[in-house]
Structures are given as structure tokens and as C-alpha cells.
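This is the structure I have questions about; it appears just below.
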């Protein structure tokens, strides 16, 4: 057992960190000025969009751990690119369905896809059925993936993001959202690959949750780091506010929460490709429950440490809060995860 | 409007405080040495056992506010006498039932009565029906009061605390508890007064809850006071631990919780005799919900401030915790109260 | 102890309620334009003034009615219950002027303050002086019969619409920081005053930055003696932070009812957990209300606003923030997708309640001092 | 990154598991008498020792097997899973002795420590020196070739049954407090040593006070140089506080299963709220387990136990205390009436988890230091 990144994973972390820092949203003004296309291109060139593309034997080119490493780096930088939506959630869905060429297309970076979620963002949209919903993290995407019932399982379909979709201003300022309000026209859907089994869907959900958690961990860790730096520099009463024990303990508590979430996330990311799908999913739900439970508190503590300035739109603090709260909701908040964990613990055994 | 004790109530507070201090359990060793009979005699002589005895026009000799003032003082001193059981819960039940002589007997102090509660301590025992239960706060009492269904309402009955009852060591070290495990023999019961209406029972419950809250407030306030004093005197790292902001904030948070509970309790105590029974009961439930929700946290914080020594049996801290936790449970904890409040707020209107 | 109105209070409440029913401007809460809303507020101030509802607790000699603060609390409560526009907050400026001002200043400034003719704001905080107000850097240099002011103020609520400002500035940089501060009554129309709205995380521009560049203030507009600014500020802040503004209680109740309706619309009222959480929110509101009533009773009994106000401040922040958490959890994804975007705004608006007017940490420090804990 | 056993670890685990199944003393957890329980513990220590399971991570030259700390973690985990008696804790005393001891001390003290022939306790804290250990007052005065010790120690766990004590005492009152402390290896059988059990709020006597009255210790039993006691204590405490004792994880799981059964017995498993709370308790346990695995991995990779251990300590206290809160809430009145009195005891036993071995406040201070926040 060694619950630490190995040397290659460490290197990946540095590469992802460099790309993320180059595209970082350090203050809300950056949202207008960042060259998102260049950031996407960097990710593509470093091969980071293709981590879940399968080789000829059906193995992903990298494990959930690598995906989490990249997702955390991009979360830490609040980077406004659809990594989760396109390179993780959509690509993995295509890869699991055996839609290799479609997955490769996304990995190359020239094309993007979002993911279609149901109205409460708690699951991939099922068509027909989910008559309202959202394409999530679909910046620059011409289509989003959804599921339709098919003999043998759930069939992945490509839904064009056409006039039926209205871009909406959600809480998250760094990732985009488009709403549909009426049943999707079935004639516009294209099938991709073969139907997915329950086990494959569980595997997909495990990866998706782990990646969302890693994003949240990145958002929290960088928020805490910024708050700590501010506490060292901000002078009140002639001393840095970080010399007050109350501020120290707020920082410490936020740090502990973020690290606890990171511990659970590391395991979830590792479990994706190693444990049985059910176990992997429980590990992922555990991490999501933990991340969801602390995301609000941690980012609120950070806003509190920043004091008045941390309450303003021009400050970065609320951008962290918004992204973390959105991660919390996508594919189910902690309450949803806990109920599913309880099903396994209390009924499943 | 004036939400402050008036001059007479202030004077009562001082009298009750004097009696309580004379009988105070300042450390667990005092539980063996305190002259409980003398303390009871002082309360009787000061007329404090007879606050709820009715005059010829049916008015109680003092309001819920006075009862709360006395209960808080005795709670603050962790005084090991059955004031709540005998002088409040039992006496008020008798008085409401019009059983004047029986109430007078208790007020004189020569005789005591406990209250019979159901198995989960959440309500007065109903006979037959509650086949197991507890006589609560029945130190020195030969009987406890329970309710039986009767035409026209709930009939108060006197249950002899005979061989069917086994004294048990409950959490609370300052008030006694006796368990019965089999249906009570109906032939041994004596009726007292006339059956009580729903409104009268609500009034009784309002007073009982308010008095329990006042006891809890006393327990919390004196616990916080002791912790604050300790923090001023205990030296670590060459300074009083109370000079550390972390300890200061723990004290401040515990103080705020106790004061918030006190605010709700003051209103509940006042409401008993003034508002409609339903409103009075909602006020009492509000106070009990608040007291129940903070009792554990406040007394735990106090134990934490006392550090290692506060974890020992010989220290007074856990005696506070035990009494507060018992108050929390008797007649329903915060969850029970909140559900009833929700019924009124969400369904009743 | 009696939580009911006295006969006088009941009479006042009844007539006030009738008056409010007739005088609350129709449709005021539908106004979206900020300038128009400011005009409405000014007119509302005037209406209240003409009916005698402004400055009721002020001494008669300064245009008040020498009534107990209880009447202002009743005004706040009833106005809140009937969803009236925000009540003008003249108390803290007025108290500063009639406690520390010269006769001439009182005559000049109090009547238009009361009538609403002159709207005021408060120039205290600065970017580098938040919790630590005494470290403020805005400089007022004496130049003949004028002071020349330079600096930057922050968190100046209502700065966009104010005519006058109660300004704190440093007049003597050479003495300990609390001692070199003076207070000024200064027109916002002076050359060199620039107001810039601050947009909060909610997206609303609720407060302002104010830049002061060589603004000239006549010496006669200094309030109190040179160096007395800190004392003046502390008096003002005490009255600002106290439990006087019980209007919040009413607004909390309105919000709670809205949250209850949200839960009902989403079919969550069957869930015991949701029921308990809604009841707990009710309990928090009641606890705050009752604590504020105690504070108010102390004031009515002649006690100056003391550190007990910090208890109410902490309870307030907790109640408001918990309620917004509950709303967010009931709304779930709708709060994130913009389907209920106004609640996301309310959530962000609840966050600074534990920052402004003394952060939660400062309030706990104050309580620790009150408990006698050593520095 | 791999959370699975290596082939070697898997092999070790399998043989250990088989060994445990055969060697765990039957009925050990039914023993109520404390003295008998202590005898059982001593025999268990011997059994483990003879099978080579004690001191596995110690250098071979001192009787260990030079294995990675991972093997001790596996031992803790498996012993916990199979509900074995508490594992003897020799690591921190051993580390002190083989890091700071003379050759003679190592030869004399390490073998019986390993074998369990000599049981040890730790004499660090005092009534006036808890969090602030360095202010300890127990005095060791040099008198020829002996030190004479006077003072009072507190929170000496296992003091009743220990043969030897790693004692901290002040040998030089004239230097700054951290510098005047020395460490001693001293027999609990010496005249002048009086042990008094401390009964905790739970009613259990889990720890002791030890009074030292003119106790004479040969100079040869001083560990390390005079004044080196603080350094020795810090090494010891670091190994005590670290994530090594993963045995807690297994005991937490057992307790959680018991709480789940309580909820089932009371028919509460239908309630979504109870289900969520039980699941949240599972999550807290998992988070702690995984955090400890990271800590352990760092140690295995050669990093000294660092301040990250404070994270695990805080998570541990939170998990344990939250679980006891949950049990109390599920039990309701039964916890107060004595009907489930053992759970009240467990509740009180969970409280000091945030006090002993560095209070929660101290752990947060340590983290703040690690984050680089200024003093």
C-alpha cells in the first residue's frame, strides 16, 4: 500500500499545474480576458484531454488518479474550460460505450461535448423522460451526451445544442450551462457506441464523481491557500490578522476539511479502475458526500477571513464558492450520496 | 412591554439564590454530604414550594416567571432536591385538577410527590397504556402522579412508589429516578381532583417545559461562569488560558448559547399564565427546543475548557452535563419539540 | 415582566398600524431602478416625518418627542409586518449631532436630517481600516479656516444618494491612533468627492467607495473637539449595532414564510427532517426576537447600549445565514441553475451579516471582555 | 498510488490473520476485573512477542525486524478487525530508548520492553502542566550518584500496572523551562512512588495520578544528557500522536455497526434522517481511515511524523465524538435512565479524545504554524 502519487503522477501534477496557472482566473475580471481556446489547446497538446481514451485492449490510457490530478489542478485555478464536461464525463461515456472514434475526436480538442443532466442536475438526462434539463459544462460544445433506454442497457446519444437550448447564467461563473424546457426531438439524436451495462454506468458515475470531487478539492485548497496568504499580509491592529488565534483556527479548520476531502477523493479516484464497480461507486459517493458537506463551509470561511473585501463581486472569493457549490450539486449533493451509501450499508448487506 | 424581572421578582431571585447556594453541589463529593432535608425545609419556609397553589379564585399564588426564577437558581446550584418534580410538575397538576388540599400538602414540604413518565420520558405516564416507565425527580416521595383516561378528560392519579418501583442510577446524579417494569396495579391508585381538559393539560405542559428550561438555563449559566473563572485562573504557557482567543471564543459561544436559551425561557415562563394555552405551549416548546439544542454543546464546551481535570469524576463539570442532558430528555428533546412546532406552523395555520 | 404592550404602547401601535395601512406607497417593492427606489425612500422619509414618526426618541428640543425607544421598536416591528419600505435610519447620526454638536450645528443639521430633506451617510471604514477602525488614514489637514481632506472611504452605504456625510478623518498623525481622529459634517456635493458603487458577490450595488481629493470643509463643520472623533464614532456605532432595528425580525419572518412556501411547493413538507429544519428556523427567529426585546427593555430602563448587543448580533448572523442555507438546500439545483437565482443573491447577501458592523470574531472578543477574560 | 497490499504485505496479512484466529485469548472481552484484565494483557503481549509481532519496525540490532511501519499498521488493522485485545504500545518508549539511550540502557531495557516482561508507563503531564508540558514542576535533584525526585504526575495511563516509567523531571530550575528538563527510566517499585487511579466522568478508572516522594534514581538511569528531556519528550509524543495506531479505525467500525444495530432494534432504519446520519458516520470513519493511510504512506516513504498528524487527530476526535452523539440521540431517554448506561459511559469516554495528547485547540495551533501563520 502506498497512498501517495508516484513519480509519474507527480510529474503530471506539475504539467497540469503549469497549464492551470497560465489559464487561472485570479480575479473575476480574468473571466473576460482569459484565452480559453489556448488553454484548451494546451490541455490537448499535453494529452490531458485523452486520459480516458481506450487502447486497443480497452484499457484507458490513464487511470482515475491521473484524471483527478488534472481536475484538481484546473479546479484550483478556477480555469474556465469544460474539462470535466468534455474530457471526463463525455469522453468516458463514449469510451465505455466503445465509441472510440468519437472519444478520440474529443481527446484531440478540436471538438467538445457537454453532458446533459436532468432538471436537478443529479443524474445524466434520460430521453425520453427528462423533459427539462441542462447541458452542463458545455462551453464551445456543439452537442451534449444523454442516455436513452435501449435493449441491453442505456444507449449514449449525442444531442445537438441547437435552438432548443438557452444559455443560462447559473451560479458558476467559470463553466457554462444551457437549459432545455421541452422534450428533445428524438429525430435529432445520434447514437454512439453500444448500450452500457449497469456496471459500466456505475464505473462511469464513479469516475465522474471522483473528478467532481477533485475539482472541489482544488477549489477548496486554493481558496484556503489564498485566505492564509491574505491573513499573513492583511494588517489590522498593527499585526497581521493571521496572528489572531481566531483567524488561525478558522484557517486550520478549513484546511482540515479540505484535506479530509482530499483523502477521500484520492481513494475514490484510485478505486475507479481497480475495485468492483459497486465498491468504486461507494468510494466515490463517500468522497462526494464529504466534499459536498464541507464545500460550502470551507468557501464561506474563506470569504469570512477575507472580511469586507471578500464579499465583493470584484474579489475572487465568491467565484470559489460558486464553483464549489455547483460541484456539490452536480450528480447529487451530500444528502443524495448519503442516502445511497445507507442503502448499501443498511440494506445491501 | 418590559422583558425584565420586576423588583419583586428580583428579590425572589436573591432569596432563591441564597437557598440554592447553601445547598449547592459544588463538587461531586457534596452529593453525599448535603443536607437535602434542610434545603427542602428552607424552600418550604420561604414559600417557594407553594408558588403554584391556587387561591380561592383559582389564581396561582405566583406566575410561571417566579417558578422559572426559582428553578433557574436551583439548576445553577445543581441542588439535589425534587423541586421540579414535586413543587412544579406534581403541584401544578394537582392544582389544575382542583385538588387543593393535596397541592397544599406538597407546598408545606412535609410530603413530596414525583411525576410518573413514560418509558422514553417524553410525557406523563398514561395508565393503563404505559406499562413501563419512570418516577422522575422523586427523591423522598412516597408517590408519583400519573394520568388515567376518564370521562371529561385526563384524571390525575396518585401512584404509590412501592415495591413495583426500583431505584435506578440514571445519568443525572442530582435527581432520582425509579423504574417500573410491569403494568401498575390499578387498585393502588388514588384519584385526585377532577379530570383535566386538553387546555389545562397544555397549560401544565407549558409550565413544566418552562421550568425544565429554567433549570437547564441555570445549569448552563453556572457551568459557563465556572469555566470562565477557571480560564482566568488556570495558567499555561505563563498566562491565564483565558487570554487565548480560542478559549475566549469558546467561552463567548457558550455564553451566547446560554443567553439565547435564557431569552426564550423568560418568554415561555411569562407566557404560561398570560397567553392562550396553545400559544403558551408553542412558546414553551420553542424554549425547550432551544435549550435542548444547546445544552449538550454548552456543557461539553465547558468540559473542554476545563481540559483534563474536567474529564474526571471528581470534577463538577460532568454533573452539569448529566443534569442538562436529563432536562433535555424529560418531556421531549429538541427533535420532539420541533416536530410539534412544525405541526402548528406548517399544518395548524 | 410583561411582554405585552402597555396601554399607551397598544394605542400607539393601533394608530400606527392604521396609518401605515393608508400610507405605505403602493407597489414600492416592485421598483427595480435604483434611482427611482432612492426617490421613493426620500418621499417615504418625508411622509413618516410629517406624521411624527421620525426621531420619536429624540429630545423634544431637537425636534423629537422624547418618547421611549420602545416606540421606535414598535414602528420597526409594524412597518416590517406590513412590508413597508425600509425605515430611514436617523438615530445614530442624530445622536452624534445632538450629543457632540454646537448649538449652531444642531440648528442647522438636525431639522433637515429629521425631515429627510438631507440624506446622510457614514464615512468611517477604509480599505486598510475595517475591524481596526482606529487605524484610518484619511487625512484632514487644517488650512486656515478649512480642513482639507484626502483619502478613501469604503462600505459607505447609501453614499450614492446621500447629501451629507458624517466623516472620520485623522487631524493629528502624531498622537496615538485613537486620539488623532476628528469627526466632520460634510456635504457630499463638495468638489473632490467621488462616489463609486461597490458591487457585492450577490451582484447588487448596496454600498460605495468614496474618494476624497482635496475636499475643503469649513472648521465650523467639525463635530466636537479636535481628536474627539473616536469617542463620537463609538457612540454612533453603539447605537447602530444595538437591538434598535427590530425591523429585521419582521423581515426574517417574511423570509421564513417564503421558505416554508418553497418547501411546500416542492412537496417537502411531508419530510420530518424538513419540518424540523423549518421549525428550527422559526425557533432561531423567536430566540433573536426575544433577546432583542430584553436588550430593548434594558435600554428603555435607561441602560446605555452595552456589549450585550454583541449577543444579538451573533444570533442575528446565525439566524439569517442558517435560513439562507436552508433555502438553498430546499431549492437544491435550482439555486445553482438560475431557476431560482434570486435566492442565490439572498444567500450571498446573508454572508456579510457576520462581517459588517463588527465581524463575528470581533463580537466574540467583546463578549470575552465583558466576561472579564484577560487580554 | 495503490491502496492495495503489496504481495509481501498480503502474505504477511494472511499469515497474521491465521495466527490471530488461533491466538486471540477466548473470552478476553468478558473480563470485568481490572487486575485480571491487566494479567490477560501481559500474557497477550508475551504471545505476540513470541510470534514476532512486537517491535517489527524496530532496527534488528534492538530486537526488531527492521520492517516498514506498514506492517505494524496491518497488525493494528487485523487485530482490530478480529476484536483482539488492545495491542501493547511499545513503540514510543522503545524509540526514546534506542534513539537516546546508552548501549547499556538499550541492552537492559529494550528486551523486556519488547517481551512484555516489563510494562511501561509515561510520566509526563502534571496538574499544572497539561498542554504546557514544559512548565512541569516535578524536581529531580542530583545527590551523589542518584537523583532524588519529588512531584506529582497526572494522566499516567496504565500507571497501576506498570513496572517502569519514562519520567520527565526538572533537573535545572535556573535555565529556561524547556532546557531544564531531563528524562529518566525509573522503576515503579521504588519506595516513594504512590499510584492513585483517576476515575473519569464515565466512571472508569482509566488513568492514574502518580506521586513521587523522595524517589531515588541512579544517575545511570537518566536517559540522554541532562536537559535533553524536552527533545526526548517531543520525539516520543510525535510517535504517540501519529497515525500509527490504526487500530482505532477498526474499533470505530465495530462501534458503528453496533450503533446501526441499535437503530435497527429501535425501528429507526426507515427514517431517511437516521439513514443519512449513519451514512455520515460511515463517511467520517472512511475519511479518517484514508487520511491515516496517507500519513502512514508518508512515514513509510521515510518522512518523520509531522504536523499533518494533527489533521488526523482532529478528524479522529470529530469522528468518535460525533458517533457517540449519534448513539445518544438514537438511544434517547435510555441513555439517561440507565437502560443503556454503558453508552453514557462511552459518550463520556469520547469527550477527552479532544483533550488528551494535545487538545483540539493545540492541534489547530500546530496546523496554523504549519500553514506559516505568524505567532
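Read from first to last, the chains carry the letters A, B, C and D; within each, the first residue is number 1.
One rule holds for everything that comes next: a contact is a pair of C-beta atoms (placed from the backbone, for glycine too) under 8 Å apart; a residue touches a chain by one contact, two chains touch by 3 or more.
Here the structure is a predicted model, which is why all the values come from computation and not from measurement.
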Original post:
From the centre of chain B, which chain's CA centre is farthest?
Top reply: A
**OP:** Check A-C against A-D and say which one is joined by more contacting C-beta pairs.
**Re:** A-D
Original post:
Could you state the distance in Å from the CA-based centre of chain C to that of chain D?
Top reply: 54
Subject >> Whole-Å gap separating chain A and chain D, where each centre is the average of the chain's CA atoms >> reply: 40
Subject >> Set of chain C residues in contact with two or more other chains >> reply: 272, 361, 364-365
Original post:
Touching two or more other chains, which residues of chain A qualify?
Top reply: 244-247, 249, 335
Original post:
Which bits of chain D are touching chain B when the two form their complex?
Top reply: 125, 127-132, 135, 154-155, 198-203, 325, 328-329, 332-338, 341, 344, 348, 351-352, 354-356, 359-361, 364-365
Original post:
Along chain B, where are the residues that touch chain C in the complex?
Top reply: 1-6, 9, 65, 228, 231-232, 239-240, 242-243, 245, 247-249, 251-253, 255-256, 259-261, 263-264, 266-267, 270-271, 274, 283, 286, 289-290, 293, 334-335, 337-339, 341-342, 345-346
Original post:
Where on chain B is chain A touching in the complex?
Top reply: 244-246, 249
Original post:
What part of chain B is in contact with chain D in the complex they form?
Top reply: 119-122, 134, 168-172, 177, 179, 235-238, 244, 246-247, 296, 300, 303-304, 307-315, 317-318, 321, 325-326, 329, 333, 335
**OP:** Would you tell me which residues of chain D are touching chain A in their complex?
**Re:** 1-6, 9, 70, 260, 264, 269, 272, 275-276, 278-280, 282-283, 286-288, 290-291, 293-294, 296-298, 300-301, 308, 311, 314-315, 361, 363-365, 367-368, 371-375
